[in-house]
């Protein structure tokens, strides 16, 4: 599995190793605006959607001509502007936004070179226009039975939020509905509150995913305890690997939200930070559950392996009992099948005596096994 | 096992995975007062009990008409008012209290969406009436042989304590008796001391539960060391899982009590914080015991598995000894059962010689086994 | 094993789970002086001994009438008074001391409800008479071959030290002898130095106990490496469990001594804190040794288990070699024992040829085993 | 394998233990300039290359006469001078640079005695000329299929960077190309930015190496799950050992970069420290991946071992079923091959009855196995 | 193994448990000067050597009459005096130095009661003469193939260093040679630099010891992977135990050097602290290597155990294949050896048919095994 075969936009965690970002070692880190080139195929179109809102007005625009859009002023009544860019394939669009909002080269690089570890960074500059706070998050969702993961990058300015997603489709539909409701808490607050709402949606999306793992864990446990099949170990292995990868994403998410909630930042309102405590609690709960699941899965392996040993013991006991009883008797029968001259052949009572000896031996053996607790 | 089948109010920890709170991802976090709707069945009635007391007076009121109750002023003599709400099914009641005491939306959400991780939060506002300190705790109790767990939420104001329980029935009867005793330490102190007394009752309730696990552990140990049965591994597995879940609840409880005891808060008196040190000591002791139990349970598994191996070794030894002695002899007997012409058949002494050879071989084998320490 | 069967004063750690303190959940924490009732049997008498000393005078009093003793003033020349109470059975005596020295209710509770986790607490009050610093320690001693553990509680005032022991008999005889020596370092120092000397005696008592475990570990190691018996695993299990319980006591002791040594306290002299560093070093050394012993015991288990596997491999090899050589030969012998008409029966040379085939097969098999490294 | 056989300049991590630096215990630490002697063979020549650049000018010099080079002044227009020394065999060259730039004796010792643990040290002195910041890093690269590791030492002054490599050949070719581009970010910045660029190249070089391990891990996983070969365990063992050694290098690298990024230093510009955050993120990601790989490799071992046990169980089941069915029947056949007088021989129907008994026994046995879940 | 049998001065770590210091519990800690008695045999003589040096003068004196020596003044030109006492058997000598240099009783106790955990302590007093800084270190050396360990105690004053060793012979010969060189760095610096040089020699002595363990590890690895012998497990066990004991000594050494290097102390010069950073780096490297070795040894055990399992599987496969093929055939041969009347005996073609059946069965079985991957 090399880097190129893994460049599908939404990667299924199930059954694959963690993606590794592609870097050209020694190449300049940080992508200057003029260096943004169309290094990826431009097949998939990029969808740009701009939502402007204030407490009492609200307007959605599906941007088709980016240059024209960036040339226009934002409506004076809008307190918050949210621009969402779906798809990282058209570098021209990304360059236009990077120039307009003066995005930092290192941040632009992190947007383009996915996957990055979730993080929150502050790029201070003197200029007003620049989006100051840069956040990278990992958005998980279940599509059918498969887990899809996608990087989302946020640039938060004083009244603007830019979001870049790898592909179309996200977990924010309910947030958009809430924006559409006049006077809702979202509409009454600033851009940082919108950032909070989006992060909250991403984190809360993990609960149904955990439900799904909880179900699988329970099913596996039932199988292990009642009727272990031979592929169970591979299923536990797969589950553990997925939990490991999930956890690898969950820990840095927790750190990001914790740093956002703890460190005051010019673009973050007090209200937002109070609400982020709630997201933080949820992310702690998710890690807690993940760790519990991992320990349960480990316990399952252990229980399964000990079940195997118990079963093996039983199998060997049966073989040993059968063998130990019949091997000497077979020998005896063999002896009296010999074609030598024996006194026993002459004596008429030897056949009944043979059977008596056989039965006595078997019973004695069984008694001895019983005493050892084998029967 | 999906979320819905687990909404029974009291969940038995035994034999089930940790409950996961139900969230609608992307929905607004924090429940505004007007948003509290009757989202749950209203079958079970909600019991509201208000206890007012000062050092020398004391009065209990079983509230039936919540609106009327909240409209009345509290008696002037009362230094502390404790309102306990049993049941989260009637949203009208919760909304009434949330409005009256100006509870923070995020706190109300945590009350309704159980289970939350135990935590202590401070929601500062300018208004006087608001209950300031919000505490979520987990109340464990043994009903018969099963462990029941329930979330309790506390709102502490300057002279008021609100408690929300999931179901009726709790571990606070002795606390209520102590309130009824004029001049008791509880009556002489403020509302934060009542919070302490309730938390103390919740934490101390763990000791009899640990007693019960200690008994199970001892029983299992006796079985493992003396007479292992085949379902022992499943019983150890169950015990370990329950200890894991208990521990998952105990750690955040310890953190909560530690933060309450350490950080000064306007609503917490000095006396209360001194007494909370005692609760903290107990919670540390509980975690200590839990960890010791977990290590003992792990040691038990290990000992059991090694016992299996020892047993297997013995079984195989017996089979090998029997097989190794009789397999060559059986071959020999087979040879002399052949219908070929052999000189041995002619010679009269061959039968006694055969027996001598057999016995010599067996004795030689046994001597060799003895030297290897197998017999 | 329930709490009541474990109330023997000195509990043998060997072969038993950790003791759990008895609490009545919901009951008031902290025992007010008037609440101290004779809740335990008063069978065993309580021995109270008071030692007064200054640098040049010294006097021991075996107290029989507690009330009279507490009524008298202490001699003016005495710089330090040490009152030792052996036995927690007579609540009247405990109440008398609690009232006289104004002991904090929570501390009194910890004295009576054994076992507590070792701890050091400061109960600040305005009153002069009160013993300020409260320390709980765990005293271990070897009585014959068994480990006895007992809780000791210390109340340190400016010139007074109160000690409560569960039973008579302690590890402090040499300390008492040193007090009797005029001008000894103990006599020249204050009450906190006496506390140090007593804690030092308790901690140093662990070294001979560790010697004893070191001997057991060595014995077990010799057995495992040279001549494993079948009960070895149970002995290792027992050793590991005892080390686990010892360690459970050692860690909080270390914390207690560390906090005493680090945090300045009005009742602790500088000299005492310098000497406590030595006790702290010893407690660190003890934990170090315990952890090393635990790792060695774990390594022992592993080595034993691998020894079992090696042995099993050898056993199976022998069986397989025997079986593999003789099973085909036995078949061959069986064939020529058949009562069918065969050309071989006619031919005279078939018997020698049979033996040649048998020996050739056996030799060929052995050569093959040799090549695989089985013989 | 002693130290001398391992002094090859580039050590292949694969299949070898960590290199240990050679020290003469008791010898003076820190190598004074006059003590630098030609303690190593001088076979391999040392290549010295000096690059001077400013924003608009740029010049490379391949130094052949070191003394002459160090005697000349640097061009006035050069804002940054980077001197790279490839090879540690010619002590005369090292001594010349140590004297010229007044390198600290302890730093010189660390340059010569490889391998050192990666570290960043500041040697403050009064003199202007001295290179102040000393950084040791570990450069990994893949040459064909083998991993090569080499120590790189950096001395950073105000406008000078000295780098010492163990051998020729490095991962910095793209950095040199970027220096050659007039106006590039590298050319516009100071010497510390060059240090950043070189460290960035070293850290980014790990990603393709991790790719390679990811591929091996995946291949091993496929083998384990589908068709385990007998050398798989050795291959997993080798992989785990290499990951262990990689991780041993990665952790101190992370610490070094973290300390460079966090602690302000006179020679480090603000811009460089901002960019170092990016290198730090990458080093955290690398450690993250390494730990994930290690856990996956551990899981692989576990899965493989459990696969073995399952296979063993199956093998034993087959043997037991065959044995248990045929051993009693063989005994029976043996009985009727005896040469005694038996009533059964007389009766004509005994042969069919024999077969009926045999088939009935076999069918009964199989039914019993079926019930136990063995068939 | 009790304490007395282990009092040999140099203890071989190989094959023995950690030494435990001998204490008389309850006895006074700290040994006053007049209490130092000749508690040990005085058989071995004590060697005292005094070295005085300044930058340009230097003088060694082998002290025979301690009283006389301590009575004389030190030469005025001497900037540093180093007194080394070899052997702890003559308490008179120790008492003389303790009185002369006013050593703290607790420090004297630590010198005499070996082994102590490595530590650095400061005993502040008003008196000028007293040696202020007390350091305990553990000196390891290889004598032939065995590891010897010995406690070294240092007392550092402003211009004096006292060192106490358990036995004669140490790792400081090269240090003494460096002192003899006029103008060497040692001669130019103060007493704390001498302390540094001695500690550096002790720490660097660990590298050849680690080399030796590296060789053993490699040898064991080769054996495990290529040709496992039956005592391999015991050798790995021994290696792991020794690494455990080494590590037990290495961690506190690191702490000691770290605290010396970090905390400014009146007797330590700035230069010394800069050089101690180098010793600290080495001690970190040693711990790093030890941990790596421990992990490698653990990996070795695991690989060995899995190798055993693989071998067992193969053995069982062979037995099962042989058994499964021949057991039914032997039964068949047994049947036709019965002395009943059978139609098959009459028919002439039964013998060839028998062989056809046998061969067909065997081939069928082998095909089935092939399909299962057993052959």
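Each chain carries a letter (A, B, C, D and E) given by its place in the written order, and its residues are counted from 1.
The definition used in the following text is that a contact is a pair of C-beta atoms (placed from the backbone, for glycine too) under 8 Å apart; a residue touches a chain by one contact, two chains touch by 3 or more.
These numbers were taken from a predicted model, which means no experiment stands behind them.
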So if I look at the partners of subunit B and the partners of subunit C, which chains show up in both lists? none
Measure off the straight-line distance from the CA centroid of subunit D to the CA centroid of subunit E, and report it in whole Å. 27
Gap in Å, rounded to a whole number, between the CA centres of subunit C and subunit A: 43
Give the residues of subunit A touching no fewer than two other chains, as numbers and ranges. 309, 312, 316, 319, 323, 327, 330, 334, 337-339
When the cyclic arrangement of chains is written out from subunit A toward subunit D, what order is obtained? A, D, E, C, B
Which stretch or stretches of subunit A touch subunit D in the complex? 1-3, 17-18, 20-30, 32, 106, 109, 116-117, 119, 121, 123, 227, 230, 233-234, 237, 240-241, 244-245, 248, 301, 304-305, 308-309, 311-312, 315-316, 318-319, 322-323, 326-327, 329-330, 333-334, 336-339, 344-345, 348, 350-351, 354
Hey, which residues of subunit E end up touching subunit D in the complex? 171-175, 178, 184-186, 197, 200-201, 204-205, 207-208, 210-211, 214-215, 217-218, 225, 274-275, 277-279, 281-282, 284-285, 288-289, 292, 295-296, 299, 302-303, 306-307, 309-310, 312-314, 316-317, 319-320, 323-324, 327-328, 330-331, 334-335, 337-342, 373-374
